[in-house]
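We call the chains A, B, C and D, going by the order they appear; numbering starts again at 1 in every chain.
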Amino acid sequence: MALTREQIAQRIAQELQDGYYVNLGIGMPTLVANYIPESIEVMLQSENGLLGMGSYPQQHEIDPDLINAGKETVTAITGAAYFSSADSFAMIRGGHVDLTVLGAFEIDQQGNIASYMIPGKLVKGMGGAMDLVAGAKNIIVSMTHCNRHGQSKLLKQCTLPLTGVNCVNKVVTDLAVMEINQGCFHLTERAPGVSIDEIREKTAGELSISGDILEMNVS
Amino acid sequence: MAGFNKVVTSYDDALAGIKDGMTIMVGGFGLCGIPEGLIAQLQHLEAKELTCISNNAGVDGFGLGLLLEKRQIKTMIASYVGENRLFEKLFINKEMEVILTPQGTLAEKIRAGGAGIPAFYTATGYGTQVAQGKETREFNGRSYVLEPSLTADFSLVKAYKADTMGNLVFRKTAMNFNPMMATAGHITVAEVEEIVEPGELDPEHIHTPGIYVHRVIKGQFEKRIERATTID
Amino acid sequence: MAGFNKVVTSYDDALAGIKDGMTIMVGGFGLCGIPEGLIAQLQHLEAKELTCISNNAGVDGFGLGLLLEKRQIKTMIASYVGENRLFEKLFINKEMEVILTPQGTLAEKIRAGGAGIPAFYTATGYGTQVAQGKETREFNGRSYVLEPSLTADFSLVKAYKADTMGNLVFRKTAMNFNPMMATAGHITVAEVEEIVEPGELDPEHIHTPGIYVHRVIKGQFEKRIERATTID
Amino acid sequence: MALTREQIAQRIAQELQDGYYVNLGIGMPTLVANYIPESIEVMLQSENGLLGMGSYPQQHEIDPDLINAGKETVTAITGAAYFSSADSFAMIRGGHVDLTVLGAFEIDQQGNIASYMIPGKLVKGMGGAMDLVAGAKNIIVSMTHCNRHGQSKLLKQCTLPLTGVNCVNKVVTDLAVMEINQGCFHLTERAPGVSIDEIREKTAGELSISGDILEMNVS
């Protein structure tokens, strides 16, 4: 069965390693923070100027001067640091963030990503997404396998304006985990109960399947 | 002898010299860390045909949204303009030019402007619409885009505290774009929560040295929250 | 689980992985704010053929002067190398390559290296020997030189305090080149006067966030003064 | 009579204006700080990372962590700020320093300056001088009119490696004050008792003299 948003976040959280500095995009990627394994420590970077983002505040802790990149009120953990937007993106552009997780409208087999604009419909701007995909050492995209019309979002070539080129290393969808390299989606895991045929059918880009494809370990 | 006393006591004095057609930088991220009173004064002055450089464009009726209401902005340079119906309408109807700029590139263009660097290369935006019409170039096998720097006639920033000499400190994530913008304005005006005497700010903790700040005014802040989100 | 504890307790651990031929950045301005123990360890390790990037080259017998004694430096990138007879001798006899770089350009090349900017334009050095062989270009009627950024295999910096997570604060003018170098090292090692627990450094006053710092060691500092000058 | 070093500094101090941020180079320019008129306030920038440099310390105030760009121990005034070398030169390169005073081996009628290297003899490096001459809004050179061999240091064209081009606005020597523009030294003041003929004789570059040339007001 297709994963829920929470299950996608849970699977992505398995990619985290002890000591990682991580930037979680707005929306579904934010949920990953709820599934960080207790055996490791991870620091969250928020591109508006915070390293060491904590949970949402309790009502009495709300501080208008302390928000995340999604403009939600947050808290800071012990050992956090604040800095300017220039310093924050120096950190991101300079490749110091170990992992970035972000959503997308489309990705393609070249590792291109389209995530910020639907011409004529949704024109809000790229925010920090273009810097994040250009700068992070490792980029995981978190999204549903198909759009609401049932069309694949894993394409041969993106059709929407690009956020970045040749930058996505891995995608975790409600149906599968795939690595992207050498112009191809490489299936590595499937959602519990989802058939390889269904994944093949719903992946418009070049798909490579080899060896046993295990089921994702989510609860 | 005025010396280094940068304090002004009226919003008229704070924005004296603003003219139609000027380029104005405005600090803040969303509604966090914006110079609320200076923006209201800008609306009050009815300066027109402005080029505004700010990460966002406020919301309907608050922040830079106030200037949109009066159609004071001709060109907007920003990274994210959502959460603002009037903005979308003006943008889609082409009543306003909008130059969408990646957030990190925007921050760096402003820093470069203040630091006397006319242009720099960044990988951000390579292969996207952002790079269209711009020079690109390879360094060590990777492709980069040449980005020119930005400066402004006026920079309007919000700080937590200033001393009378214009030294500034910011609070938490209300820092955001304010420090770079302070360096890139021909005239930089800081609206602050508290003005203290020189020596009360630790010299090692000053985020923006007074050399960048020309006027300081004590403001009143509503500090509206866009998305109050709690753990409860 | 090591988590974010960056503390090491021996100089061997602090510089583990240093190899002949590497590029090493070393913080400090003159003898102010230099990582004294890390430099001594570098001499002890006898790593050779090093490219050293540091504003100065120490004095005879102290700071980077120690590495000169053992001829460990193949190439020195610095802005000012006076006050050092051995250095002058090695330079004039061509036993060492020296790339003299204007101080501000040096600082910016290092900052750019840490910030993922491969190159930038500056007016500094235009029309001088520094611009020879480099691309020049006009922006708004003024001429600028293209300067590529710098990074290092190791950056050795000196801070006043660190917490165990690698957040750093510097003291007075002992800050100098240390913060940028911390961002530009593949491995950054901070030698500090005091190590404190996370939370003891105010998050708004941290000069270098821990993301840039891989190892922290508590050092012993002589803090030699080059020119003790008094008003008396 | 030719001015002393102290008198040159005294004359340059008359160029300071209330509220100026000033960088004084190593050596003779440093003396300017001793002659700041009491009627104005000036902030001194030291390019190693200090805005608001004070006097030299008393013996018990000496702090190895607080030095100036000449590596001398100094103090900081009330309202000072410390910052990194990158931030310091952002300030300088960005044109935020109102006035820079520095020494030179030679200057020429194009406003070029040579101040950091005598090939084969003195090879110490340019330090921050190249950034200062490229960045400051206004540059005054402080030097003797002739070198120790009696040769003019105000030339048609510099012979030594340049520190910067077309950047010197004014020079104050032991004999004269001159402005430099349009390829010419313009004499504006002469040292008390020094004749215009002597200045003409000791200025190798193009010299323009027009109107009354007053004597400098130094004590």
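Details
Please note the rule applied: a contact is a pair of C-beta atoms (placed from the backbone, for glycine too) under 8 Å apart; a residue touches a chain by one contact, two chains touch by 3 or more.
Here the structure is a predicted model, which is why all the values come from computation and not from measurement.
Shared contact partners of subunit B and subunit D, listed by label: C.
Taking the CA centroid of subunit A as reference, the farthest chain centroid is that of D. One finds 33 Å separating the Cα centroids of subunit B and subunit C.
Spacing of subunit A relative to subunit D, judged by their CA centroids, is 55 angstrom.
Centroids of subunit C and subunit D (each the mean of its C-alpha atoms) stand 29 Å apart. Subunit D has residues 76, 82-83, 89-90, 92-93, 135 in contact with two or more other chains. Chain contacts: subunit C has residues 108, 111, 115-117, 122-123, 170-172, 175, 203-204 touching two or more partner chains. Taken together, the subunit D residues at the contact with subunit C in this complex read 46-50, 55-59, 62-68, 70-74, 76, 82-86, 88-90, 92-93, 112, 123-131, 134-135, 161-166. In the complex of the two chains, the subunit C residues touching subunit D come out as 29-33, 55, 78-83, 88, 91-92, 100, 102-108, 110-111, 122-130, 160, 170-180, 207, 223-232. Interface residues of subunit B, counted against subunit C in their complex, comprise 108, 112, 115-123, 139-140, 142, 144, 148, 169-172, 175, 202-205. Those residues of subunit B that touch subunit D in the shared complex are 1-4, 111, 113-117, 163, 165, 167, 183, 198-199, 203-204, 206, 209-212. Here subunit D touches subunit B in the complex through residues 18-19, 21, 39-41, 43, 45, 51-52, 76, 78-83, 89-97, 135, going by the rule given at the top.
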